[in-house]
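Input: a single structure, listed below in structure tokens.
Should a chain be cited, it is by its letter among A, B, C and D, assigned in written order, with residues numbered from 1 in that chain.
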Amino acid sequence: MTRLAPDRRADYRPFLVISTRWMDNDVYGHVNNVVYYSYFDTVVNQYLVERGVLDIDHGAVIGLVVETRCHYFRPIAFPDVVHAGLRVARLGNSSVRYEIGIFRNDEMRAAARGHFVHVYVDRASNRPTPLSAQFRAALEPLAG
Amino acid sequence: MTRLAPDRRADYRPFLVISTRWMDNDVYGHVNNVVYYSYFDTVVNQYLVERGVLDIDHGAVIGLVVETRCHYFRPIAFPDVVHAGLRVARLGNSSVRYEIGIFRNDEMRAAARGHFVHVYVDRASNRPTPLSAQFRAALEPLAG
Amino acid sequence: MTRLAPDRRADYRPFLVISTRWMDNDVYGHVNNVVYYSYFDTVVNQYLVERGVLDIDHGAVIGLVVETRCHYFRPIAFPDVVHAGLRVARLGNSSVRYEIGIFRNDEMRAAARGHFVHVYVDRASNRPTPLSAQFRAALEPLAG
Amino acid sequence: MTRLAPDRRADYRPFLVISTRWMDNDVYGHVNNVVYYSYFDTVVNQYLVERGVLDIDHGAVIGLVVETRCHYFRPIAFPDVVHAGLRVARLGNSSVRYEIGIFRNDEMRAAARGHFVHVYVDRASNRPTPLSAQFRAALEPLAG
């Protein structure tokens, strides 16, 4: 059984506001299914960068994506504003399962929800590496 | 339990060859996780268009994506060529679960695999509509 | 000779704030040259939608892009915030030449500048159509 | 005056075949103006990689994009196949102006044409560096 991420705003913290773009809309006039995943890796990585635990250019540890998933409930369309909520569903030894709720404008129920699993590896060797204490401390507030 | 799509070339038919693009690569030098989903909806929709059962501009029935998922095994990088294999895992009354294997160049094991669930709806009313006999006939060879 | 758009914030009005995304960065760690054009058509179309002179789904008149150009001065990188400034350089009978300045975070000199030429056509016939009085009124404040 | 790239197939060599993707189409049912630029940097970089004069991951010299432009003549739409023709309009000391013709399926007149200017810089210092003899040799056949 696949446990689904919840879909109320109260189930997530923090939120990142993401502007939609003209080209996000596909031929049916709604944000294309692919684009939601760009919101997912934006909210995850931006959180990590802002907390100082991911240095994209020079860090010794990087996150590799091993699994992603999305359920789509209601359409979003440019120029809507996306509010991407984040939570941590599992904080493993070297991996993290993030859950994301995608909310449209001021709506309170998620338009979509998904998950995103990162394995953290040594940039040079590409081998999994245990999460540092600093990294765990940055994520624990999201793991409630 | 989530049944995973298989990962050998023999498990899929047909295949679509998709060229990678410079901008598919992300900062770590590999095709970004998001881009795999653009391969998924390309192989599904191109199959439907070529079989004459999806008319993007004028058809009365369109496919809405309700769920997608991807497991990533090995990296792909521009200028690799992607071979996207398709199969139908479930042919429902008004929905189809497609499974996709993503193969890099001439490799025989999938670099990634995923699924993609379409619900077919009436374009005007947005309500699910039973798959036509013609549509089912186009997909049955993939459902074996 | 190609007249270049100016590159100070004071040369543009209005501004649209656009969030960058993880996948905007290419392998060299900066926003890929292609992505700037997605900022261009976002700022133009969002302005038109918000002024009520472009109805993406149902309007009788749509804008076709006939020419675009960009000069790149300084890099931008996720998670920077983009401030896209807009101006109208030429308000023709059925076409508009927009100029866009792309500013990074709180920088005062443009990181890039470009133009974007729309010809407005009848959606059904695809033939150029004179700009309506309402449309001209919406753009005149940008044509200073 | 802006010299425009020519628009017959005979004006370009070599050609790269690029598959379109479902999400290339925008809400008006045609390949979005932004996406053409992804064809441009794909054909340029793929040519350089295949000739062995660009090593994306480890090369000491990389190409920075300083200017791009595109004129759009006729629409392309998924699932069309793009044939991207390349030529070199100017081979400078440390920069190259490429011209690209975008042809739809088996059409003989370009659907779009554009240019793409690369300045080659040292990856570490970011300063322009003269083109190597090997690099010039790779491009001279396109400069005819």
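The rule is simple: a contact is a pair of C-beta atoms (placed from the backbone, for glycine too) under 8 Å apart; a residue touches a chain by one contact, two chains touch by 3 or more.
Only a predicted model underlies this, so the values are computations on that prediction, with no experimental measurement involved.
Visitor: In terms of residue numbering, is the interface formed by chain B and chain C classified as same (over half shared) or different (under half shared)?
Guide: Interface between chain B and chain C is built from largely the same residues.
Visitor: Among all chains, whose Cα centre is located farthest from the one for chain A?
Guide: Relative to chain A, the chain whose C-alpha centre sits farthest away is D.
Visitor: Could you tell me the distance, in whole angstrom, between the mean C-alpha positions of chain B and chain D?
Guide: 29
Visitor: Using CA atom averages as chain centres, what separation in Å is found between chain A and chain D?
Guide: 33
Visitor: Of all the residues in chain B, which ones touch at least 2 other chains?
Guide: In chain B, 22-23, 25, 27-29, 32, 34-35, 38, 41, 56-57 touch at least two other chains.
Visitor: For a test of understanding, state which residues of chain A touch chain B in their complex under the given definition.
Guide: My answer: residues 1-2, 27-28, 32-35, 37-38, 41, 56-57, 62, 64-72.
Visitor: Any idea which chain C residues touch chain B in the complex?
Guide: 22-23, 25-29, 32, 34-35
Visitor: For chain B, which residues are in contact with chain D within the complex?
Guide: 16-19, 21-23, 25, 29, 38-39, 41-42, 45-46, 49-50, 56-57, 77-79
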